[in-house]
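Should a chain be cited, it is by its letter among A, B, C and D, assigned in written order, with residues numbered from 1 in that chain.
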Amino acid sequence: MSTLYQQPAVGERPTYLNVDYGWKSWLFTTDHKRIALLYLFSITAFFAVGGSFAVMMRLNLVSPEGLLFNADTYNKLFTMHGIIMVFFFLVPSIPAVLGNFLIPIMIGARDLAFPRINLLSWYLYMIGGILAVTAVVQGGVDTGWTFYAPFSTTYSNTHVILTAVGVFVAGFSSILTGLNFIITIHKMRAPGMTWSRLPLFVWSHYATAIIQVLGTPVVAITLVLLGLERVFHAGIFDPADGGDPILFQHLFWFYSHPAVYIMILPGMGVISELVPCFSRKAIFGYSFVAYSSMAIAVVGFLVWGHHLFVSGQSLYLGTVFSFLSFVVAVPSAIKVFNWTATMYKGSITFETPMLYAFGFIGLFTIGGLTGLFLATMAVDVHLTDTYFVVAHFHYVMVGGMVMAYLGGIHFWFPKITGRMYPEGWAKFAALIVFVGFNLTFFPQFILGYLGAPRRYATYAPEFQVLNVMSSAGASILGIGYIIPLVYLTWAWMRGPKAPQNPWGAKGLEWEQSPTPPPTDNFEHQPIVTEDAYNYAGEEATLDR
Amino acid sequence: MGGLSIFPPRASAMAGELDALYTFLLVVSATMTALIFFLVFFFAVKYRRRSPNDPMPKPIHSSIPLEIIWTVIPFGFMLIMFAWGTKMYYNEYTPPTANTLDIYVTGKQWMWKVQYPGGQREINELHVPTGQSVKLTLASEDVIHSFFIPAFRIKHDVVPGHFETFWFQPTLPGRYHLFCAEYCGTNHSRMGGWVTVMEPAAYETWLSGGATGGSMAQQGEKLFEQYGCVTCHVLDQKGRCPSLRNVFGHAVQLDDGRTVIADEAYLRESILNPNAKVVAGYQRDVMPNFQGQISEEQLLQLIVYIKSLSNPAAQPTGGQPATNAAAVKGVTP
Amino acid sequence: MMHPVVPVKTYVFVFLALITLTATTVAVSKIELGEYNFVAAMTIAVIKGSLVVWFFMHVNRSSSLTRLFVGAGFFWMAILIVFTLSDYISRGWLPGGTWWK
Amino acid sequence: MWVFLLTEIMFFGGMFGGYTVYRNMYPEAFASTSRFMEVTLGGINTAVLITSSFTMALAVRSAQIGKKRALITLLICTLVLGIVFLGIKYVEYHEKWVDHHIPGPGFHYDDPRYAQQAQILFYLYFAMTGMHALHMIVGAGLIVTLIVMAARNRFSKGWYTPVEIIGLYWHFVDIVWIFLFPLLYLIGHHP
C-alpha cells in the first residue's frame, strides 16, 4: 500500500495529512478525513461568530434597559445567533466532522460511498454559510431563527430571503451527508462487521441520517414557499390574504423538531463510545442503546405539534402530540440508564473525554427532564416562549451536544492529528466549561417560571439579578471555550507524538488503523471477528 | 414581587393548581436527577481504576428485567404528568359559557388595545375584578402576538385572521405584568403593560370613571350606520339582507343546505367575506367584502352590537358544543 | 443493481394500462359524484403510481431494503399530511361535556 | 438512489401537505379555480409523460441487454417527449399570464367571492408545477448526458448503472405528475 504514495520525508510513514501539502490537495480532496478537517475549521469559525453574538446579547442583558444596543440590533443578534448556531454549527458539527472522519474507519471502509458528493456537501455548506454571513454583513435579519409568518413574509424589512436561501443551500448539504452515511453504512461494512457489531456511534449516525434525509426537504420547500410568498404576496401564509400562519408552523416544525434529534443523536453516539472506553467495559444493553436511537428517529417525527400548544392548534391534536412527546422521552431515558449501568463494576479513569461524558450525562438529564415540563400541556402554556424554554434547549444542545462534541474532539484528537493534547489544561478547561455553563443557564429556568419572556431586548427590573448571574456565567463559559482552542492548536503543532491507541480503546479506528491514518485508512483489509466494546476479550458470539 | 421566590404571584384560581403540578414535576425531576448524579458519582469513585495493572472488568451485557423496570417506572410517572397536564389544559383553554365578564383585546405592533363592553378603552392596561370569570376575545391587526399574564399562569397566541378566546378568574388584588410572548418585531419587549386586579366594589367605581363615547354596543351601532350596513340589514324586517335581531347564538340556515350556529367566528367571516356562507333565501354578491376595510377593533365593536341584538337567554350554554364551520362539513366530534 | 431482463410485453401492458387509466380518470371527472370524484381521482392516481413504481422502477424485483425505503418515503409523507390536516379538521371542535373539571 | 428519491418525496410532500390543508379549508374556491385548468392540455401532457416513462423503461431494458443503438434511440424519444411536455406546460403558463392568473400584484380573478383563495391555489399550482418542471429540465439534462455517454460506448451489459438511476429519477418525476394532474386539473372539473 505504501508504494502508492511518495515518501514525504525520510523515515516517516505516509498519512492522510502529509501525503500532499498543496492547497489544491485540500480544496479538491475526496478523502473523507480531509473533508472532515475542512468542516472542522469552518464549523469552528461559525461557532465563533455565533458565540460572539451570544456574548453580545448577554452583555446587553446586564441592564434591564439594554446596556449596549437598541432593540433592532438585539433582535438581529438573537436571530443570527440562532440561525448560525442551529444550521451552521449544531446540525453539521458532530456528523460532518467526527462522523465524516470516523464512520468509514469504524466500519472498515476506505472512504464514504460517494467521496465526491461528500466534497460537494462541504461546498454547499460553505455557500450557504457565506450567503448567511452576507446577510449579516448587509444588515442582518430579525425574524428569529423560526422565520414565523406573517412577520417574516410581510412585516420584516430585513434580509429574510438571502438568509432563507443560505439555510436552503446548507440544508442540501445536510441531506447529501445523510444520504452518503446511509449508503456507506449499508454497503461498505468490512467482512464480519454485522449490524449487531456496529459501534453505537455508527448506529446513532444512521438514525441521524434518516432524519436528515426525510426531514430536511420539508424545511427546504417551506423556505421556498416563504421566499416566494415574500416576493409575490399570494397569501399562502398571510391571513390578510386568506392564508393561515399556523400552516407555516406545522411545516417548519415538521423538520425543526426532528432537527433537534439530528443535533443530539450524534452526541449520544459519542458518549456511547467514551463511557465504555474509560470504564474498560462493554456497554450495558447494546441493543437497547442502538434501537433507542432508531426509536427516537421515528417517534421524533411525530411530536412537532408540542411547539404549537398555545398557537390555537386543535386541543385534540395537542393531546396526541403531548402524549407522543412523553413517549419520545423514553428512549432517551433508556440511554442515560444504560450509560450509568455501564460504569457499574467498571475500571474507571478520568481523562478529559470522560469528564465531558460525565458533564453530558448530568446536563442532558436536566435538559431532558425539563423537556417533560414542556410536554405537559398546562405547564407549557405558562412556560412556552419564556426563558425556561431557552434554558431547556441550551441544556440539551450546549450542555449535551457541545459537551459531547468537545469530548469527542479530545478523544479522537490523537487519531486525527497524531499528537496528544495537554491533559492538565484540558481538565481545567472542562471544569471551567461545566461551571460556566451551569451559571449561565440554570438561572434561566427560574427566570422562565417567573414569567420572563424570551427574545426581549429589555426586561422588567425585578429580573435583573438572575440576568446578571447568567451574563457572568456566559463570560466564564466563553473563556472555557477559548482555552481548548488555544491548547489544541498548540498541541497540533507542538504536542507530543501520540501512540496508535493512547486510550487502550476498542474499535477498528484504534486497533487496526495507524494513527494518524493513511489516505486509505487501513494497511490491509480489516476483518471483524468480535463484538463492539469487547474490552474483556471475550469469544465472539454470533447473535446475542 | 421582589425577593427571590421561584414562583410568580398567584393571582388567579388557576395559578395555585398549576403551581401544584409544577411542584410535582419539580420533585420527580429533582429525584431523578439526584439519582443519576449520585449513581454516576458513586460508581466513578467506587469503581475507579486504582492501578494501571488492574485486571479488565468482567462485562455485563444486559439485563432485560432491569431495562423493563427503568422503562416502565419513569413512563408511569410520565403518564401521571400527561393526564394531569391535559386535564388542566382543557380547563385553561375552555372558557365558561355563561356569566362571564367579556373584554375585547386587540394586539398590534407594539401595543395591546383593550375595550370594555361599557365603552371604556385602555392601552397596555387591563382592569379586572376579583371573583369573576373574565373572558377575553383577542384579535391581532398584524403579526402573531401572544397574550401572557404570568401571575395568572396563562398565555395564548393571537394569530391574525382569527379570534382567540382566553379566560381566567382573578383572586388576588394587585398589579401584575402583562407581556407579549411571541416575537413580533422591533419593540416586542416593550409590548406589555399591567393587569390591575381590584375588589368588585373598587372595580365598579373604576368603571364608572372611564366611559366616553358610549358603550361598545353603541359604538358598534354607530359603525353599523356609518358603513351603511343599516340600509340593507333592516332590523325586524326582511330587507335585501337578513335582519340581525336574534341571530347571535342561533342556528342559521345557509343557501347550500347547511346549518351553522352564528358565533363570533361566523360573524367575523360574514363581515369580512360575506359570500363564504350565505343565509338561505338571500342573494350572493349583495354585500361588499370588508376584508382590509375595517380594523379589528371596529370589528369587535360591530360584533358586540350584533350580540346585543340577541336575547341573552338564547346564547349557547354549557354542555352544548358550539358548532362551527368544520363541524358542519359532516365531521362531528 | 443487476436485475433480470423484463420482457417488453410487460412494459407494453403496463403502458397501455396507464394510458387507459388516464382516460378513465378524465372521464370520471366529468361525471358528478360529489365527494367521490376526489376519491375516484385519487384511487386511480394511486393505482397508476403503484404501477410505475412496481414495474417501471422494478420494485417488484428489488431487495426488501429498497422496498423498505420506498415504504418509508410514503409513510413519512402520510405522517406529515395526516397530522397537519387533522389539526385543521379538529381545530374547531370544542370538547363535549366538562369531564376535565 | 432510492434514498435520494426519499428526499424528493418529502420535498413534494411539503407542498402536497399545504395543498391538502387549503383544499380542506376552501373547497368551493378550489373547485372554482380548477375550471380554469385546461384538462385537455393536462391530459395530453399526462399521456406524453407516461409514454416517456415507457420509453425510458425500454431504454433501461436495452441497456441491460447491451443494445446500444436501441438505447440511444429510446433515450432520444424520452428526451423529445420530455421537451414536448415542457412545451405544452409553457403554453399553459402563457395562458395564465394572459389571464392575469399569476399570483402577485397583477393577479386578477373574475369571481370576487374567491379572489383571495384562488390566488393561493394558483400560487400552489405554480409552486408545484414549477418545481415539477424544474425537475423535468434537470432530468432532460441528465438524459442528454446519458445519450452522449452511450454514444461513446461507456455502457455495457455489465455496467449501466447511470441509465438505471436516471431512469428511476425520470419515473419518479412521472409519478409526481400522475398525482398533480388529478389534484390540480380534475378536482371539481365536472360540469
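Note that contacts are C-beta pairs under 8 Å (C-beta built on N, C-alpha and C of every residue); 3 or more make two chains touch, one makes a residue touch a chain.
This is a predicted model, so every value here is computed, not measured.
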Closest chain to global C-alpha mean, per-chain Cα centroids: A
Interface with the most contact pairs, given as the two chains involved: A-B
Inter-chain centre distance, subunit A versus subunit B - centres from mean C-alpha coordinates, in Å: 36
Euclidean distance of C-alpha centroids - subunit C vs subunit D, Å: 16
Multi-chain contact sites of subunit B, meaning residues that touch two or more partners: 86-88, 90-91, 94, 291, 333
Of all residues in subunit A, the ones touching two or more other chains: 214, 218, 244, 246-247, 250-251, 254, 312, 315-316
Residues of subunit D touching at least two other chains: 3, 6, 10, 13-14, 17, 21, 25, 116
Touching residues (chain side subunit A, partner subunit D) in the complex: 175, 179, 182-183, 213-218, 220-222, 224-225, 228-229, 231-236, 241-244, 247, 250-251, 254
Subunit A-facing residues of subunit B, complex: 1-2, 4-8, 18, 21-22, 25, 28-29, 32-33, 36-37, 39-40, 43-44, 47-49, 54-63, 66-67, 70-71, 74-75, 78-79, 81-82, 84-94, 109, 142-144, 146, 148, 150-151, 153-157, 159-162, 164, 177, 179-190, 291-292, 333
Subunit D residues touching subunit A - in the complex, by the definition given at the top: 3-4, 6-8, 10-15, 17-18, 21-22, 25-26, 103-105, 107, 116-117, 119-120, 122-124, 127, 131
Interfacial residue positions of subunit D with respect to subunit C in the complex: 2-3, 5-6, 9-10, 13-14, 16-17, 20-21, 24-25, 39, 43, 46-47, 50-51, 53-54, 56-58, 61, 64-65, 161, 164, 167-168, 171-172, 174-175, 178-179, 181-183, 186-191
Touch list for subunit C against partner subunit D, complex: 1, 3, 5-6, 8, 11-12, 14-15, 18-19, 22, 25-26, 29-33, 37-38, 41-42, 44-45, 48-49, 52-53, 55-57, 66, 69-70, 72-74, 76-77, 80-81, 84-85, 88-89
